[in-house]
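Following this line, the structures themselves.
What follows is chain A paired twice: with chain B in the first complex and chain C in the second.
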Partner chain A sequence: MTATPDILQSKTAMHASASDHRKLGLALSLMALCLLAPVALSFGMRSVDWTQIWSALTAYDPTNPDHVVVQVIRLPRFLSAVLAGAALASAGALMQGMTRNPLADPGLLGVNAGASIGVVICIWILGVSDPAQFIWIALGGGLAASVLVFALGSAGRGTPAQLILAGAAVSALGLALTRGVLLISQQTLDVYRFWVLGGFNGIELDTLAALLPFFAVGGIATLFAATTLNALSLGNDTARNLGVRVGLAQILIGLAVVVLCGATVSLAGPITFVGLVVPHLARKVAGSDMRWQVLLSAAFGAVLMICADLTGRLSLFGGNMQAGVMAAFLGGPVLIWIVRKHGGGTL
Partner chain B sequence: MNRVIRIGPVSVQVSPRAGLMTLLIGLGIIFACAIALRAGSFPMNTQDVLAALTGDSDPMHKIVVYDLRLPRILTALGAGAAFGIAGAMFQTMLRNPLASPDIIGFNAGASCGALFAMVTFGGFVLLGALIGGALAAMLVLVLSWQNGLHPYRLILIGIGVSLTLSAFADLLITRMDALTAADMAKWLIGTLNARSWADVIRVTVGLGLLLPLIIWLNFVLTRLSLSDETATGLGLAVSPLRLTITAAGVALVALAISVAGPLPFVAFVSGPIARRLVGHGKPALLAAGGIGALVTLLADTASRLIPFVSLPTGVFTAIIGAPVLMWLLLVQARKGNII
Partner chain C sequence: MSRFALTVSLFVTSVTTTWADGFPQHFTHRYGTTIVVDEPQKVVSISYIGHDFLLALGVKPYALRKWYGTDAFGVWPWGHEALGDATPIVLQGQLDFEQIAALRPDLIVGQWSGISEQDYKILSRIAPTIAPQVGFGDYGMRWQDMLATLGRATDTTAKAQAIINRIETRFTTLRAQHPEWQDASAVMVFPGQTGAYTARDIRGRFLEDLGFKVPAAINEHPMADNFYVLIPDEDLSAIDTDALIWLDAGGSIPTLQKMPLRPHMTAFKEGREVYASPMLSAALSHSSPLSLDYALDALIPLLEAATDGNPRTVVPSMQKAGIAPAFDG
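Up next, the complex of A and B:
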């Protein structure tokens, strides 16, 4: 977040070539992450000073309350926000590249809707209220929904518009069923409404460790998938002529998106904003090279998520506002500003 | 194949397929009305309904049909048609199937206004929704106007406004106690419970006033759906036209929300379904209105038929609309049509 305006100003000031912007953007956002890390570890209901943070990380002492706050609460929270932001944003960039629609986001594959309906049924029928327990159901629901979307979207010719319509239909169906359950059961609504907004509060290091393999697999799949995006962005037929196996590439992209989003949804609830908007910011810096778009999206997404999480901890927002809500709050005006300043009339 | 009918200086292009499909949609609506009149917790058979409609029957039947069911059915038809037409307008104008009114900020504005009214004044939900929705639409228009309205910019700014407003709505909901939150959740989904003849009159008069504009736009939108350059070449003033269409769409959605709440998915699903039934290259606003009316009426009837729990209409619009769209996608894919 803080890095984005800097990048754009330096872009106009320096008149550097496109590849310099990309490297500068990446370096600035990595620098922002390094600067934000100690802030995220020290800031909150209980302030922890710098020396204590260092000793908590190097020489952990379970009897020292400052150490416990850093190790048990703040460190997992920081890492989750970085992972979730990067995962959602790069998944969004993949989706937008593949469908060639700037409105596409991971929620469109039905992952969020599928995971939500899984979680709601879990709370409603099994009476579970601990996020660590509904990870697998959320993943399963997300996977099932996205398989349905892909099956509907790739039947016959399988055009991008068909995929988008299928995704929207499946998402809406899942959302309606979720709402139905929530209206029937008051208790479910009470548990669900805080999960659904997306927050990194109360995530434990164990939960994060359990999900880390999913993020790793998703990340590797993203790296491979991103190399085909430049060809895919020219249209399926052209991509085929350039030697890309379109069906295989689409399956790989879908897999990366499902794994990344499923893991994020189980970790922090469905966060809608990041995957949709961050790729637009990244595109302004990266230009038309899709590989850079994905990479920069991941970096910007991580920074945005940390900023959102930190702002949510301000007393102005009750000291504990969910990061998903804050991301939309902070990112909405930025998106509008970017579009007004740089957005032309073309895609 | 299309036929051209000439009457003196006026010539109209008529597509038999579009005509047939519109006729079928109309028949579907009549059939759904018949089901909706019979269905409900008060048992009535077809003779009872017919007798109540024609005049001589026992007063209880008359009350159920005239004061409870008929207003609800007619409101559902009117609101659904308004949503469907508005959705098809936005989708055709912005050339993107995702660009229905709920994407570009209108529904988020309405929800936000309703919640804000509930939190600060403890009521005036409807007024809050109308003002909130209109303000959001105005904000989107003002922010995206730069030497004209471009689809891409309008959609992206609409998304920015929409997401910021829905985040604000979420924030307002977490500030409420669980009971009020559940109440508001019901309103925010949209319900047609306890409609009166006043609602029917409001939605009918509104639609009647906008009908000439809609019919004119149906012709114009065909050209606008090509590309900005082609449309300008064909003699359209593209940006003022977009402004007119947005204003008309906003008026239609405001009308529908004021009688039925922000029913989800109707505006989104009607256009694509109508397009696939009527055939490509035509905006098919009236067919989309018919589909919207049909989906809303069926959803409302379903919400009345489910026993034990009272679920609002909005839960069923997607449950009925989404499978239809999925089925159409499959059928078209199998035929090898380009979607």
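Up next, the complex of A and C:
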């Protein structure tokens, strides 16, 4: 993870220790993930001992219920939480960087609202109640809504503020339509109310595998987008002088956010807050280099999501509180602490 | 509000439930006591299944509450004959008190409606309102008690008693014919966010009326203050019973096919599962004087196939749904 020398190095060079902080932050969160993995694989309603967990991963026996629990229930759940947390948090960092708005959330591009409409219509009209069947319609709805947001937001001058307003408008419209259907159909509400909280119940390895290309494309686009954002942060004119095509760059950033957010919402439902709060925490450690912000956001986001999923499964919270709810529960105090200590920070 | 009906909410400690005919009739329920002073002409049913009970007594509700399903009036096939060409007003979703007031009912019945005390207070100012019985929870009243209460309220006690006697006799006969069911464990489960109904629910009670026992792991579950208990995906032992009935409110077959631990249950391996189609599931979930006969007709042969002690006996509904266990050879 070595940062190549560029124009921003001089900006951060005056903070001699900044680079060490980043590496330490990254190392600590990766270490936390390594420690949380065995916890996530061993924690559950069924007690499975360590030798069984190990052999479930190395010598899978489909006739052994312990192996099935580890391999079919807990492993996809853990991997999904890592991917969703990393995707949402890095998409949030990109959104906040692109719009220079500390309240920007990846959901602002209309992805969650579009996915929600898709899911509600799917339950209401097609009578589908199995969340595994929602993924493509959620992804389709999310992508369609974000295309609409970009079309509305890029008309005229196409400023980031305009994009946010377009996103807010499309989201509000989507929410109104969704609620309209929910008021008419009790049965839709019964299925939707679990989906909308966001969580990792019953995710299958197949679903995860089908969505993996989207996460991969989103991840690669994010790395390019972060590099471009570094240049854009110097102002559009300077960026142009550095050879950045500003319009194209903004599309790339938008694409990265939409793909990551769309893949996550179809995997786990609309989880909010992670994309909003984690980039703030990452920015404290990363400084102004977007590449580090994105990287650390991804690492912190994955850790937060795993912790949220694990605490949600404690009997204290009824044994199956949705991770989306727990993420806000755990992340809220962190955000308050950041605001109290650092006064919100600058973008 | 009707002239000849009067609601009084008193905390009367003992009102004997008698089978006396005529009016006035007193009804003690969890939110107080209601007095119906004359035979109601416009009965509004806000119970999700109450219309079935009224129709069984020959009373056509003026308005009814649609629960689910595709029927325009929310009446399932077992109620069509009794409904005839009546066109009741359909209430759906949340209770709209203004709408109910505009109907100017003589009597509101909501024994399986989940109304709160606050709802009751509003409703009882519109018309005499019969709320759920004390001690049975929102959705736990026995069908016999619901029918007997409505019989008194609509001056059809003899008819109610005759229906109760007939259906109870049918259960008694079935119990006598199936000694293998007596004290065997059984449970009705809905897949998805998997949940099992306790013996305090009408579906659990249906099984116990056949002689089965809902397992203690479900009835005495620490979270069993509700009428159902959630079953974790990782541990299905609580529902691994002598007879396991999967209910389907629609679209549950793919969920059943994918439940990771279902093939590891003894009930699966020994072919003791029964799949209840959406129609049968609705009949069980209504457990009404009209739907019980339909439910028994459809379920008994399936239960017999599942509990015959031979794992290879095909349970027809399981095979039709494509979720029956496969045996080699």
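Just so it is clear, the second predicted complex is superposed on the first by the 321 of 347 C-alpha atoms of A that agree within 3 Å, B and C clash if a C-alpha of one lies under 4 Å from a C-alpha of the other, contacts with A are read in each partner's own complex, and residues count from 1 in each chain.
Note that contacts are C-beta pairs under 8 Å (C-beta built on N, C-alpha and C of every residue); 3 or more make two chains touch, one makes a residue touch a chain.
Small disclaimer: the values here were computed from a predicted structure and weren't measured.
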Exercise for the section: Have a look at chain B and chain C on chain A after the superposition and call it: clash or fit. Expected result: fit
Exercise for the section: Go through the superposed model and pick first if A:L248 touches only chain B, second if only chain C, both, or neither. Expected result: neither
Handout entry: First (chain B), second (chain C), both or neither touched by A:N201
Key = second
Exercise for the section: Report for A:L276: first if it touches chain B alone, second if chain C alone, otherwise both or neither. Expected result: first
Problem - Which of chain B and chain C A:T159 touches, first, second, both or neither - result: first
Exercise for the section: Figure out whether A:L173 sits in contact with chain B (first) or chain C (second), or with both, or with neither. Expected result: first
Exercise for the section: Identify which of chain B and chain C touches the larger number of residues of chain A. Expected result: B
Exercise for the section: Kindly classify A:G127 by the partners it touches after superposition: chain B alone (first), chain C alone (second), both, or neither? Expected result: second
Exercise for the section: Return first, second, both or neither, reflecting whether A:L183 touches chain B, chain C, both chains, or no partner chain. Expected result: both
Exercise for the section: State whether A:V39 touches chain B only (first), chain C only (second), both chains, or neither. Expected result: neither
Handout entry: Minimal inter-chain CA distance - chain C and chain B, angstrom
Key = 5
Exercise for the section: Could you pull out which residues of chain A sit against chain B in one structure and against chain C in the other? Expected result: 183-184, 186, 194
Problem - Residue ranges of chain A touching chain B (in the complex, touch as defined) - result: 101-103, 152-153, 155-159, 161-162, 164-166, 168-170, 172-173, 175-177, 179-180, 182-184, 186, 189-190, 193-194, 197, 272-273, 276-277, 280, 317, 321-322, 324-329, 331-333, 335-336, 339-340, 343-347
Problem - Residues of chain A that touch chain C when the two form their complex - result: 44-46, 63, 65, 68-69, 72-73, 127-130, 132-133, 183-184, 186-187, 194, 201-202, 204, 318-320
Exercise for the section: Would you mind writing out the residues of chain B in touch with chain A in their complex? Expected result: 96-99, 103, 143-144, 146, 148, 150-153, 155-157, 159-161, 163-164, 166-168, 170-171, 173-174, 178, 181-182, 185-186, 189, 228, 264-265, 268-269, 272, 309, 311-312, 314-319, 321-323, 325-326, 329-330, 332-339
Exercise for the section: Enumerate the contact residues on chain C facing chain A in the complex. Expected result: 68, 92-93, 192-193, 223, 230, 232-235, 249-252, 254-255, 258, 260-261, 264
